[in-house]
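Next up: the structures, one after another.
Each of the next two complexes has subunit A plus one more chain, namely subunit B in the first and subunit C in the second.
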Partner chain A sequence: MSIARWENALREVTRVPGVLGALIISADDGLVVAESSMDELATADVAALSAALILRASRCMSAMGKGAPGSVHLVGDAGALLAVAGPAPLWLVAVAHGDAELGRVRLLLRDFAVVLA
Partner chain B sequence: MRVLEPWVTAPLTEFLRESSARLALVMTSSGQVIAQHGFTRSVDVMSAAALGAGILATTTEIATMVDAPAGFGAVVHQGAAQGIWLAGFDTPRGRWIGLVVFGPESTVGLVRMFFARFAEQVAAATPAVVPVRDVLAEGFERELDDSLRALFGSR
Partner chain C sequence: MNDLPATPGRHGFAFLELGERLRQRGQFAAAASVASAGLSRYPSVADAHDLLARIRADQGDDAGAVAAWHAALECDPVHIGARKGLAFVAFRAHDFVNAERHLDLAATQAPHDASVLAALDRVRAAARQRPGDESPEPGDPGSGLILYDMQGLRLAGSIDQDSDDADADAAAATGAGLTSESVRVARLLQLGAVRHLIIEAADARVIMMPLTADAALLLHRGATTPLGRLLALGSRATVAARAWLERMA
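Now for the complex of A and B:
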């Protein structure tokens, strides 16, 4: 699958109302691999911080003896970050307002993760 | 951490805390050390500063050769256990260089993000340029000793 097709798939995620951006990141180095987002979203920063979050979630799961995380959901007062594991070391990440259809976003990310693999 | 310019302390402390970097070296583009964290031997600091400044000067020349006059933002070497981030940034005192060594507890992305903040904070905190004083022979050695003491502790 090419980067152009990845970006098309990410655009499908960002078309969901309330989604600010969707990106594929490399969790190993915290960098953006592909993205589709609003201008206001600092995707490089999102990638860096998401990777840090994923790293810590992985350590937490490992410490509990529960294997590797398949997804990480962080929900705040005004928005949410959803991350779904793709083929290592890639993760799909979406940032959305609080009123976005997070369930639909999650399903899209999971479908896309399967396609990526 | 050892710093020569006190206004670098707060930004560097925050950078180290946020990025989880193991070693950090801030220097002028000519290789003069401004601050360092994590190095234990002065000879290592001097060598790293000289090599870092040399690497960045080399890549700047390569950028010119490949028609990229703005240069490259940073040089990154990623190893299995450790990585190196090397980047220049502008301050009111001229162009400075940061050399950062990070391990698996951090990532290139985190270092990139917090280094950009560090550079902004240093530029904002840097006081106006002070007039250049004449370097007198009797004061030079004392000032050099003071600088070395600040960077490497009592000797």
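Now for the complex of A and C:
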């Protein structure tokens, strides 16, 4: 799948009302691989912070004797960050307002992760 | 396997019998090979998907087993074996609600099947013995609930009945790191105060919820637990944990 097709798929996620941006990141180094977002979203920050969160989630799952995370959803009072594992080390990440349809965003990211693989 | 007949013989599909014999002998790789070859020829035979699912379950591949049993139900929506299998996997993951649901559906289709009715009794008995599943309590070692402070010290709880204190301490220490990172990410991305963080894996779903500025909880359930239910259980655990913290103060 080409970068242009990745960006098209990310745009589909971003079209969900309330989604500020969607990106593919490399969880190993916290860098943006592809993105589609509104100007207000600092995607480089999102990538770095998502990678750190995924690392913490992986450590926690390992300590609990559970498998590696396939997705990580952080939900706050005003918004949410959803991350779904693609082919390693890639992860799909979306940032949304609190009133966005997070269930739909999660499913879109999961579908896209399959295609990405 | 290339010379499989196009239609079942007088006694049904021979590969099902062969695959089942191999499975019962513990020759799982050979059994899976026979089942997969049969499925490539007869993809709409629900019993073949059921056979492959049972082999995967024997191999400990619950996610693969669940996928195969769902495929069996697509071929035959009233397949009793698939319902029993899905119930078995849910039961093994301590997800008694889903186990009971699948067995209820099986019992609807086969109301006189003694094995289904016996399994339903076992699931309901296990669910009664695990009241913490509906209202996780910090003091219940089977509730899958761990409370910890932000220094990473465990306040109460354990991972499960099979784990020891060292495992729970390690989970608490990494849980505190996860909570701190969640708060930092939420602040920097302007997501507001953290409500919860959910981690999905092939074998489990885990929810982290802050309790106070100094404490948080981790709660885990099986991979088949619906996210909404996990969230509801997490909310109940939060209430119980806050009450526990107040008693300890």
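By definition in this document, the second predicted complex is superposed on the first by the 117 of 117 C-alpha atoms of A that agree within 3 Å, B and C clash if a C-alpha of one lies under 4 Å from a C-alpha of the other, contacts with A are read in each partner's own complex, and residues count from 1 in each chain.
Convention: contacts are C-beta pairs under 8 Å (C-beta built on N, C-alpha and C of every residue); 3 or more make two chains touch, one makes a residue touch a chain.
Computed from a predicted model, the values in this text were never measured in an experiment.
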Next item on the list: Judging by the criteria at the top, classify the pair subunit B and subunit C on subunit A as clash or fit.
Entry: fit
Next item on the list: Name the contact category of A:28: first (subunit B only), second (subunit C only), both, or neither.
Entry: first
Next item on the list: Report for A:16: first if it touches subunit B alone, second if subunit C alone, otherwise both or neither.
Entry: neither
Note to self: Which chain, subunit B or subunit C, ends up touching more residues of subunit A in the combined arrangement?
What the structure shows: C
Checklist line | Which of subunit B and subunit C A:49 touches, first, second, both or neither | finding: both
Notebook entry, point to check: Taking the superposition as given, does A:78 touch the first partner, subunit B, the second, subunit C, both, or neither?
Noted result: second
Check: How far apart, in whole Å, are the nearest Cα atoms of subunit B and subunit C in the superposition?
Finding: 10
Margin query: Using the superposition on chain A as set up above, list the residues of subunit A that contact both subunit B and subunit C.
Written below: 45, 49, 52
Margin query: Quick check on the complex: what are the subunit C residues that touch subunit A?
Written below: 159, 163, 167, 170-171, 173-175, 177-178, 181-182, 184-186, 188-204, 206, 208, 218, 220
Margin query: Considering only the defined contacts, which subunit A positions touch subunit C in the complex?
Written below: 45-46, 49-50, 52-53, 56-57, 59-81, 95, 98
Item checked: Touching residues (chain side subunit A, partner subunit B) in the complex -> 25, 28-31, 44-45, 47-49, 51-52, 55
Notebook entry, point to check: Which positions of subunit B touch subunit A when the two form their complex?
Noted result: 78, 106-110, 112-113
